[in-house]
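Note that the chains are named A, B, C and D in the order they appear, and that numbering of residues resets to 1 at the start of each chain.
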């Protein structure tokens, strides 16, 4: 009998980090694969990744509408509660042998709680990373509820060991997002960008461009407006045209989006063009060609390190994460940001790094999920 | 301005473990105290501890009906989801400076998630204990979401340190349940028992009696019926009369209660009398006088160690917890259980132990809550 | 393509009133049938009708755990809210062409809301009955959200017309519960009762017996204890032995159950035997043989009229419902109840009445569901 | 002891229709007034009416985050479920003597269910209106759960009687929205519009302008994009500049907003300016000055009739509602819409009508709420 592996995908970012593992499970002869899409993953405002998933030939078992709207942290808590209710029902119906939960979005913990309470082993990707902010607390809490760990880096695997997880359940396979960066065929940037509409001024892709992606930091949500202001001014001052991605669905995103909209009206000549999202493949090609990625997206740390793209990482959101030499860290300061953009622009591309994996994470995960011992008993295991 | 401390009490067991801390906060001149009662704490079937709390002169800010009924683990997950939704709403309204969450019941994690997502510092009691079963995973996950720790034992405090919590936020104050054991006036057992009705045969309190309290183990809920069967037979064989407490609300409790009811019908001459619950004070006096406590209640480990009452601890539920010499551990086997009861009965009382505290936990917790630095920023902090 | 018909069954009582319709739909060549069981229908405490359904060869598409526990009306409201959330998810997944909702339990309205909001036609049974209490308000509210009506009586069909429902969507087919009464083979009462255990004193089924079934009235839940007291005393005074059914899950049932338990302890010689539930078929045979049915169950009005069993109907719960001559209505008074029991005992059986149908409701409903126009547009349609 | 009146406001539109009643209750010496704001009423995307309410000097007892996001009808059902859960908790805490629920938004029924299940009398405004679409079904369902009725028109009061409501609980007081139209001081349109920013091209308020407000029709949500297209083209063709309000939060609003955004990009010279919302007072003055109101907002039927503003009402959303001579009804057709705009533009203002009230609804409602018999018993009462 095939093992039933159930993936829960809650956002576009989630999907990019797990896609190759889903495909590898679907192709594995001893696995039956289920995909549940929930939270911002089914919402138009946040790029409705469920359409993308289906376009990739993956059947979605169920779509869960669980996002409670509100520009206040209460909405995060209620979204998690509603996710828990819906996921419990789905797991009860599907009866998976393993549930796979991705990373550390606030509602991700709902997957880990529902499955572990229902005696279903939980496999967790990206555990053990140290970043500060509520994401880190959530990530470690998920680790404590999980039974099988797929950390992205060697350092993260070490952290899991120190947290008392069992060595035989920790599998350092790298991050599946890198698999994509590894597999995606190069495509000329003009051809990539022609697929998307967006709003804003027309960019000229024969010239250098920045890729900007800045999300609100949930523990600093009162400052969201002020923080994005610095980045907007720095990018404007850099005089380099920019592809700008709308922020994700966390607390603070309304204020942040609002400020971006106002800024556009105030600076209608700025060479900025705004996009809701790109397919994972196209994103890799855009990131590969960008002069520099600016903001606090983890892709500036992760995929960019593999692709050798310079990165200006702003603020606390990626604090503590492993990083390769391609990253310059700066505070929420327009001048710091602009200086770093200029430095990176002069430096040009970096050498590819493998600290986040070598491009074969998905296939390895599928193989492990097919063979690993599935015991839900778990105990603190401090290693000497 | 007074700090607002908000306690969330989810069960009778919770209350016994936090009561003296609540009272100490109410008496502290710099603290304003709020008490929310939720989950089984508002339900008649599980002893409706809210009545007891009000009888103790504590005003209840709100009562949350969050238990989703069902003899299946899905009910635990959904109860947690509903708790999260309700608690988020209450924290949004009350705006506490600190939320205190007690121990490790499955719905307790809802308190930690709601508060930490809403940037409210979480104080957690009984973290760091190592017990096996889902309770342990939940307990460590709550630790990772908490900011202030009140472990009950020195060993538990060490575990918190090893888990990467900051030393300056770990306060070993002992367990408030011991405060009660310390404070409660002795009262003759006949006078104590006259306050309660219960069902079953009449007991003679001038003679030795057992106190039996056995809860289902949630990860073994399919075996609940079989497990209680062993205990029922052992107690019957011991020929010692018994005060028997109904099990709590976890998965498996229906099967367990059902088997107890059938057993009563089959053995209508057995010297067993069944009670829903006792006040915390009366419980201390019953436990103090019992020949032996039998089952898997943590009071057999905790309060019993302080009171010197012999304890026969059955099965995996208290695995890994610190214990004093008063405890004999046995498996789910009628003969093992009966032998241990006879051994303890011969041994008689043990010397009082202070591994779970010295009776002043509540007052110390109030003082710390009034003065501790309230920062929600948190980061893994591995010591040496 | 077959029409997908989705039944939602929320309690044992629901099931008895819809079972033959479900079976008829399963046997209909143009229909595909889905059964969702929710609310008290999946709970052991209330007879877990889902086991019975499966034993009848009906596959259950999903089981929804939606009962929020609590001896307070807030629990009814929250249960309805949780039902709405779960049902919406299931309807989104199953995509039925029609949803069938049964009668008027408080959580039943969740089915009507979820389906009608999602543009799925709602078929409603037992609309148009006039009974007083919150059940009546809920019943008429469901009518206003429903598109296809299956009233049980001619009077009820007339009420639906007067409420502005369209004549061409009102189908008077009788109540499916009567189909069972019509179909069930006679079986000697001793053989029927041997299948059940129950608790209480042994009854002698060669002698006359009462069948007692009294539920709390939700708008009078504060009086539940006092009301059951009268019935207990009347039955005791009648000196006729009684089969007694535990009450259902509404507000007030805890108080009511508690009083029954105490009464048992106080009168351990009373010829009462208590049962959780019977299969629908066995219930028909018990009702057929009973000297008299006592309480406020609608089966005393409905099935009893068809079977000719005398009925003593207590209090307001069945107010305003159509009734045949077999019913004597009394207040919450021990003496009134006892007098009525004696009168009915002397009278003996009544002639069979067809006001609630002639035993072919289920088959007719299936045929209508297969052919009726499925338009969700709806407008007040006052006739003349 | 003062009666506690609890209003639940779920949207900006709700507030405009109840504001004067809230203020009148606050000013009534025998009433204590509570205001709960929920659903889209707390959301930035939908004008966050809670800020407006506080600015009007009304204290908000609690803000409920209950909107489940999603461009699919499932989101409406889940929002209603979550509203029910939250409102039950609030009513349990506040213990109001009467709950007032406004009109017929899909989540409004949650208020009526929670209160009526908890034995709290429900007062309902705007019952008895006949409009088609799911709103009508919801409205009549709320009527069946309500105890006190405040219909807006004489026809609506007659419908309530025919639906079996008791004459002594039906109070025709008119619509409080008209009170505002009656009370608001005239203010020059330039001064009004200067308070708002919006996005789009600059308008010249010394010249005629249209006011456009078109919401998605929930039963036709698949057509939302296509429907708004017709209106956009008609307004463009009319060559009259337009103040355009963003649609509300119902199913279909995402598609509708998206089409509006695209249209703006495609026609950047169109004299359209887009606003999220206006204060109730400012809205009255804008509506008073508009050449014509276009769309399907009920204010085109209601306030416009009192103010004498010409109205072009598009599609089915206001079907069946009473209307004064100021309304021309048209289908979803650009040419029909444009022709009607031109006709109305030529006709100019109409005479004021009082079919929706004379401007004193709020004060009358307060007086009735203070004195009406508060009985939750309710029974169908067909009048001759």
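Convention: a residue touches a chain if its C-beta (ideal position, glycine included) is under 8 Å from a C-beta of that chain, and two chains touch if they have at least 3 such contacts.
The structure presented is a predicted model; accordingly, all values stated were derived computationally and were not measured.
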{"item": "Other chains in touch with both chain C and chain D", "value": "A, B"}
{"item": "Centroid distance [mean C-alpha coordinates] between chain D and chain B, Å", "value": "51"}
{"item": "Rounded Å distance between chain B and chain C, as computed from the means of their C-alpha atoms", "value": "40"}
{"item": "Where chain B touches two or more other chains at once, by residue number", "value": "65, 72, 74, 78, 82, 85, 89, 92"}
{"item": "Contact graph of the chains (line, ring, star, complete, other)", "value": "complete"}
{"item": "Chain C partner contacts - residues on chain A that touch it in the complex", "value": "62-65, 82, 85-86, 89, 92-93"}
{"item": "For the chain A and chain B complex, residues of the former touching the latter", "value": "72-74, 76-78, 80-85, 87-89, 91-92, 106, 109-110, 113-114, 116-119, 130, 132, 134, 136-138, 140-145, 159, 162-164, 218-219, 320, 376-380, 382"}
{"item": "Touching residues on chain C, where the partner in the complex is chain B", "value": "42-45, 65-72, 74-75, 78, 82, 199, 254, 258, 261, 265"}
